[in-house]
Structures are given as C-alpha cells and as structure tokens.
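Heads up, there are several structures right after this.
Shared between the two complexes below is chain A, which pairs with chain B and chain C, respectively.
Take a look at the complex of A and B:
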C-alpha cells in the first residue's frame, strides 16, 4: 500500500509541477486560447448556415445547439491534448534521452504525468473560451445535466489516457525512425475524421459511422462529447467501459513494446 | 540605377531559392515524407467537405466543387508562398531573438533576404494538392480558367506572405510577439478556408481589410469561378497594397530595432 502511494505520489507531483509551470505565464495561457474562439466563431456561422439551408431543426438526432456544444468539446480536447510523441522524438534526436531514461521513474508514465499537468490547464482555458463563444451566440447546452458531470470528467480523463497510449506508441517509433512528425500528423488526421472532431459521427454515412464506432479513436473525442451533449447516463456508462477496455489493450501493447525497446537500446557517449 | 538594383536583388533571390531547394532535396526521404504528410493533411479537409455536403448539399450558394476550388487556390498560394518565402511565419521570432543582426550586416534588401532565407518543405505537398484538386475536381478546365487560377493563387500567396510578415513585425513594437503573430496568422487562415458568405457585418469588413482572409480565399475564388478579370485586378491592388504596407512597417520597425548581440549560426 505504501509502495502504491509512493508511486502515485511521485507521478502526481510531476503532473502538479507541470500544471504550475503552465499557469505561471497567465498572459501566454490566455493568448493560446484565442485560437479556439476564432474556430468556434467560424463553426457557429457555418453550422447555422447549414441548418438554415436544410430547413430542419434536428439532423441526425442533434439540434444546432447540440452540434455546436459537441464541437466545443471536441475542439477543446484536440487543442488541449499533449503531443508527447514529439517530445520523445526530440529527446531521441538531441540525445537528452540518455539522461531522461536513466532517472528513477518509468519513462512512459513520467511523460504521461508531465503531459497531464499541461493538458489540464489547456482544457480549462480552451473550454472556457470556446464555451463562451457558443454561449453568447447560441445559448447554453440543452440536454446536459449535473448528474452526468462525473461521467463526463472521468470520460475526459480516460480519453486523455487513451490518447497518451497512441502518442506513446508513435513516440516509441522515434527509436527507429527518429522523426515521427509525419506519423503524428496522420494520427491527428485520423482523429479529425474517425474520431469525430470535424463533424459528429452521427452525420456520417452508415458504413463510415459503423467503422468509426468500431475503432477506438471515437472514444477520444466523440465519446466524451456525446456524454456532454446528450446527458444520457446509460450511454455514458457504456462509453466509460469501452474506454477502459481499450486503455487496457493499448497500454498493454505500449508497455510490452517499451520493455522490448529498452532491451535493444544502447546509448553511447560520455 | 533602380533597375540595376532590382535585377541584382532578383538574381540574389533566385540563388537563395535554388539553394533552399537543393538543401531540401539533399534529405530526400524527409522531403518526401513531409510533402506526403501535408498532402494527407489537405486531403482530410477534402474528406470533411465531402461528408459535410453529403448531409447539406449547399450552403449560401457554395457546394462541394466551390469548396474544392477555394481550397485549391489557397493551398497552391500558401504552398508557393511558403516554399519561396518560408520565413514569413517566423518574422516575429527572428526579431524577438535578435537574429536580424546577421541580415543587417549584408549588402542586400533585409526584408526580402529574411523572407527568402528559408523554405517550408511541407509546402511542396500543398502545391501538389492544389494543382491536383484544381485539374481533377473543379469541373471543366479551360486555358482562361487555368490562367486566372494561377494568377489568383500567386496573388493569394502574396497577400498571405505579406500579412503573416506584418503580424510578425509586431515584435518591433510590443516585444516578443511570437505567439500573437502565430495566432493571428492561424486565425486569418481559418477564416479564409470557409465560404465568406456565412459571415456578416464587422467580421466580413475585417476580412477584406485589416485581416485579409477574403483576399486569400474568397476574392481569388470569385475571380476564377466567374472568370472575372476585374476581381483579379482588385486582388492585385490588394496584394500590392499589403506589399507596400509591409515594407513601410518593416522599415519603421527596423529603426526601433536594438541588437541583442546574440551569437547566431545560420545553417
């Protein structure tokens, strides 16, 4: 029990330090959330025009307000998640890996904790900025209930962990490829479409919606966003179960690959 | 005298461009990976619009083909602009870090030298996507349409390079403006890739003036769609205006610039 507490405490401290470091420059933090206000401003006008042109108030089970709040959450998540594969790639290329990998922590869990601290600050700022735009231009979310809030928070955290697993797998490729920016770019683009960032999966043709829902990427964006806009606790529990299962699978693959990579890693220098 | 100087500067820029291309091609695998990565990036937005118009058919007079044409102009303009003047996105950073010193001691036009000193490798992917989408997905292609598309794309790229550099010049006046300039440029790009008809009032006015997103997207699109040479002339005037404004603001800023005596190695 003591060991577990020490383990959690160590990585929590890393997350807290990075959280504090991210909030130290408040002007910079606010400046970075300008982007989501512009994106949401554009999306409000685009979707209003689209709903107006269609003549329907509900499309694929979503009202205009549902769609816009859905986009607030997906944009928030995509702009707040950490691209830690790039950090691993940078460490491999500039050689600082030789120092970071020898420290008394698990290299992967360290990066996850580090990223979490940063992501939490961005999540709050981006959601506040994006939400404010939609709140002013369109109004509050229609179906969100306080009872679904705990499910939403857990789902967002699980979404970040699942994303960490994919980022970690891409990051480990840096041990072979050095530069993983193109892999990272492709992963992000998969999230844009199959994750449901640009357009809710409910709007997809049936075959693409089925494909997207069978793959784990929708659990990073579409899952939490649906809990937020639909407030359906039964469906929310289903999302949490699927997220947990996929985390087990992906984390298993990640740590197996990590320990295999460590066996073959040799660092030269002095 | 002026003509002689102009020819000399043109020769110099051409040499810089040749060197940038040779340097990009030296790491061929990286060049191909980055270009293909950008091509996929652009194609994803194409997929988004396919899915979007599968649901909604048209928005305020814009359909899928219109969006592809708009995108082909912007990606080609952005690609050419960033391949030739790749440092336009980094002006704020260069000023803030005191890296202007290197350019100031050389007997060349400082602004042009800075902008043309770097080529964005992934921009070649944008050019490839732009050309491909124009010829295969924007309806019948005629000689006139191609000529207008090419000129409109180049002018769109000119406005983008000038506006991005102008945002970067803020570093002369307010200190380190790297984040602000980056955010302003990205915001302008976001506004430019959507139909301008969905915006009204002040935002639409800004898009045609201070924040020239419409000169990068909507106006060149209209020139090509309607084969309208008048819009093209208007766009050329806009591009010229932003080029003059950039030169004036940069020169005014240069007078305020103080060297940090930082040691830099340009590679």
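Take a look at the complex of A and C:
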C-alpha cells in the first residue's frame, strides 16, 4: 500500500509542479488564450457563410450552432494537447535528458504527468475563452446534457493520453534522428483532417468518413467533440471503449520501443 | 566493494560527416558519410568508497561520456562497469536512488519556481519519508548556506547561488556517490571556493564518494587526493594529485598590475618575464625553484601593486608535459587505484 502511495505521489507531484510552473505568470496565461478567440471569431463567420450558401439549417445532422461548439472543443483540444515529441527532441538536443532520464521513475510516465499538469490549465483557459466567443455570437450548445458530462471529461482525458502515445512514438525517433519536427508536422496535419479538427467527420464524403472512423485519430478530437454536441450517452460509451482499446495498443508499442531505443541514445553537449 | 569499478570500457558514436557549404549539404543528402568516433577507449580504473577523484581532461576527452555511462544513461559499446555493485545501464532506476549527479552546464531546478518547490518534488520522486527529508534538507541548508535562497524563483538567483541549490538538490536523497560534471564552470573565484568548501565538508562529514570532472586545476588541487587524466578517450595518468603537482604542475604564472610606470626593464631572479607593458607584467616560474610566496613578496617590496593573479598552467600544457615525461618512466608512481 505504501509503495502504491509513493508511486502515485511521485507522478502527481510532477503534474502539480508543472501546473505551478505554467501558471507562474498570470498575464501570460491570459495572453495564451487570446489565440483561440481569434480562431473562433473567424470560424463563426466562415461557417455562417457556408451554411448560408447551402440554404439548409442542418448539414449531416449538425446545426450551425452544433458545428461551432464542435469546433470550440476540437480547437481547445489541439491548442491544449502536449507537445511531448518536441520536448523529447529538445531534451536530446540540449542534453537535459541527462537529468530527466536519470531519476527513479518511468521516463514516459514522468512526461505524461508533466504534460497533464500543463494541458489541464490550457484546457480550462482555452475552453472558457473559445466558448465565450461562440456563446456571445451564436448562443449556448443545444444538445449538451448534464448526464453526459462525466463521459465528456473522461473522454477528454483519454484523448490526451492517446495523443500522448502518438507524440511519444514520434519523440522516441528523436533518440536516433534528433530533429523530429517534420514527423510532428505530418502528425498534426493528420489530426487536422482525419482527426476532424477543421471539419466534422460527418461532413466528409462517405469513403473518407469511413477511413477516418477506422483510424484512431478521430478518437482524439472528433470523439470528445461529438459527445459534447450530441450528448448521446450510448455513443459516448462507445467512444470511451474505443479510446481505451487504442490506448492499450499504442501504449504497449510505446513502452516496448522505449526500452529498445535507449540503446541508440546519444546525448549532446558536455 | 568498490564504489566504481570499470574495465576496458569503450564507447563509440557514429556521426555524420558533412562538408561545409551548399555542396557539402547536397552530398550529405544523397550519399551520407559516417565516421565512427571513439569517445572512450579501453578505460579501466577502480574507485574506493569515500574517495574523491578528479577526472580531468581537455574538452572532448571523454569525461562526460564516462559519467553518462556510469550513471546509466548511455550504453557502452564494450567493456564492464559496476557502480555500487550494480551495472548502471541494466539497473538504472535502482541505481538512481543511490547516486546523485550534477551537470554544471545544465539546469535541473524548475526555472520559474523557487528551489524549495524542486526540492519538494525530488523528495517525492526519491520517495523520501517526511522526517528523513526534513533532516536532509536542514543539513544541506546549513552546509550550503542557502536559507535565504529557498523561496526566491530560480531565474532571480545568481549563477553561484543557483549552483549551490543545484548541488543541494542532487544530495537530498543522500546518495553514496555524487558525480559532479564541471560544477564550478563559469563561477567567480568566491563562488568556486564556496562550492569546493561545501563539497569537502560533505565528504568529510558524510564519507560520500565524489567523482569530479573539471578543467579547472584549482578544483583538483583543493579537493582531490587522486586524479585521473583522460585524453582522446584514454587514461593518460592515474595517480595522487600530489605526485601530479610535484612532477607536472611545477609552473605557475603571475599577472601583476602596478600603480606606477616601471622604470626600465623588469627583472627578477628565477623568474621568466612572459610579457611586459608600462604598468604590468606577466611572469612565469618553476615553483620548485622559486616558491609563489617569494615571488609575491619580492613584487610587493619593490613595487606598489594594484592587482595580482596567480594562475596554474592550463590543462593542455599539463597534458603536453605528461606526454613529454610519461609517468611510467618516473619510477616513483604509487600503484593506481590503490590510493586510500
């Protein structure tokens, strides 16, 4: 029991200290959330024009208000998610890996806690700022139900963990390649399209929608955003199950690769 | 049991070779060439518990690579190593509880937060009991004299203050060995001396084994009894510091600035004038022939001195003289690895 407490305490302490660190300057915290208000302001006008041109109030089962709240969620997630791969590659490049890898914890779990501490602050700030824009310009979400809230929160956390696994796989390449910005760029573009960040997957042509739903990337953005705008508990439970399964698979690959790539590690500087 | 025991340790890196310029970049893109660099070659030595070892050499000699292998970050290409009876790269996590490390050029403290926050985090990471942590913290606060720094954000600390906190952070879990990689780099004379005094104090009162790399000869003289010099990845010298000083660090240089112009040529017995200007001179002398005190005394008597600096010969020069007069030929060497 004591062992478990020490184990949890360790990773919790890491999340807490990074939470403290990223809220060290209150001004900066506020400035960071301005980005999302600009993006959503533009998106509101863009989608108003799109819905106006189509002449219908509902496209693929989503009203304009649904679509905009969907985008609040996906933008919040994409702006709050961890940049784990960038951090690993920075650590390899500046040599600070010598410290972070040398402590009695699991390096991957350490970084996951580290990321969560930072992401949770950003999630709250970005959602508040982005939500405010849509609330003022369009009104509150229509189909959101309070009973789906626990599902939503869990699915957001699982989305962050699943994204973290992909970021981690890219990051491990930094042990060998040093610079992984190109891989990260590709991954981000995949999230933009196949993850459903820019356009809800329901709007895609049938073949592309099928492809997107077969791949795990939709579970990072489209999954939680759909729970939020549709409030369908049955569908929400399905999302959680799929997220958990994919996390098991991807985390398995990540941990297995981590212990192998350690052998190729070389650290710069000093 | 030895604190550190390594035999025939070798680490080679494959690095891409690239010609400068656009043409070089294009060639590297289409037919990359690699070169194998041996950072550490067949290094063997033992370090007893409670020893203070200076592990020195010029930049790129393989000092940091050796430390990184001994702490378990890097896998060696060949050879064996044991630290406190464990193989570092196989038992990295277990070993981490019992060793501490400080890399002088890299920060480990959270930059925006006060040092105490990082200390508290480390107490959790190293699973310290509250009471043990308190005790350890109180001890280090006193040893390093950092009481007033604990609640100041790290970014506001001076380099010397920060380094004291960096080292304290690495000692919270009471490691049996501490690896200090250039702990005094970039510090001023006073801060350097404070760090040295504290390390010495910790060693004397706790019996901690210290593995120190530096290219400041001052660190070595004031801290260590034993020194290993490594160059191009190979051990060049392994003996007592006193023997090194007696045999190879026999020269010192003094730079002096005077209050008045010197009349005529500056001369002094047993001293070579390297450089002379109107208001200052740079002198070099053999300490076994002319002791430092004597040179300073003479300077003080004959001139009014504004500023004076005593320097050791640079590491490169010591290494050059070791190549010129190899220690094996000396016949006065105590057997390496057995120095208390």
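Just a few scattered comments:
What we mean here is this: the second predicted complex is superposed on the first by the 261 of 270 C-alpha atoms of A that agree within 3 Å, B and C clash if a C-alpha of one lies under 4 Å from a C-alpha of the other, contacts with A are read in each partner's own complex, and residues count from 1 in each chain.
The rule is simple: a contact is a pair of C-beta atoms (placed from the backbone, for glycine too) under 8 Å apart; a residue touches a chain by one contact, two chains touch by 3 or more.
Treat the numbers as computed from the prediction; the structure is a model and nothing was measured.
With both structures placed on the common chain, the touch criterion links A:204 to chain B but leaves chain C unconnected. In the overlay built on the shared chain, the residue A:97 is in contact with chain C alone; chain B does not reach it. Of the two partner chains, neither chain B nor chain C is touched by A:248.
Within the superposed three-chain model, A:105 lies in touch with chain C and out of touch with chain B [touch as defined at top]. By the touch criterion defined above, A:10 lies against chain C but remains apart from chain B after alignment on the C-alpha atoms of chain A.
Using the contact criterion defined above for the overlaid structures, shared-chain residue A:181 touches chain B, although it does not reach chain C.
Of the two partner chains placed by the overlay, only chain C lies in contact with A:24; chain B stays clear of it.
Touch criterion met: A:39 reaches chain B, while chain C stays clear of it. Chain B meets chain A in the complex at residues 30, 33-34, 36-38, 40-41, 44, 47-48, 51-52, 54-60, 179-180, 183, 186-187, 190-191, 194-195, 197-199, 203. Within the complex formed with chain A, the chain C residues making contact are 13, 64, 68, 71-75, 92-94, 96-97, 101, 103, 105-108, 110-113, 117-118, 120-121, 124-127, 153, 181-182. Those residues of chain A that touch chain C in the shared complex are 6, 9-10, 12-14, 17, 20-21, 24-25, 94-99, 101-105, 262-263, 265-267, 269-270.
Contact residues of chain A toward chain B in the complex are 28, 31-32, 34-35, 38-39, 41-42, 45-46, 48-50, 53-54, 59-60, 179, 181-182, 185-186, 189, 192-193, 198-199, 203-205, 208.
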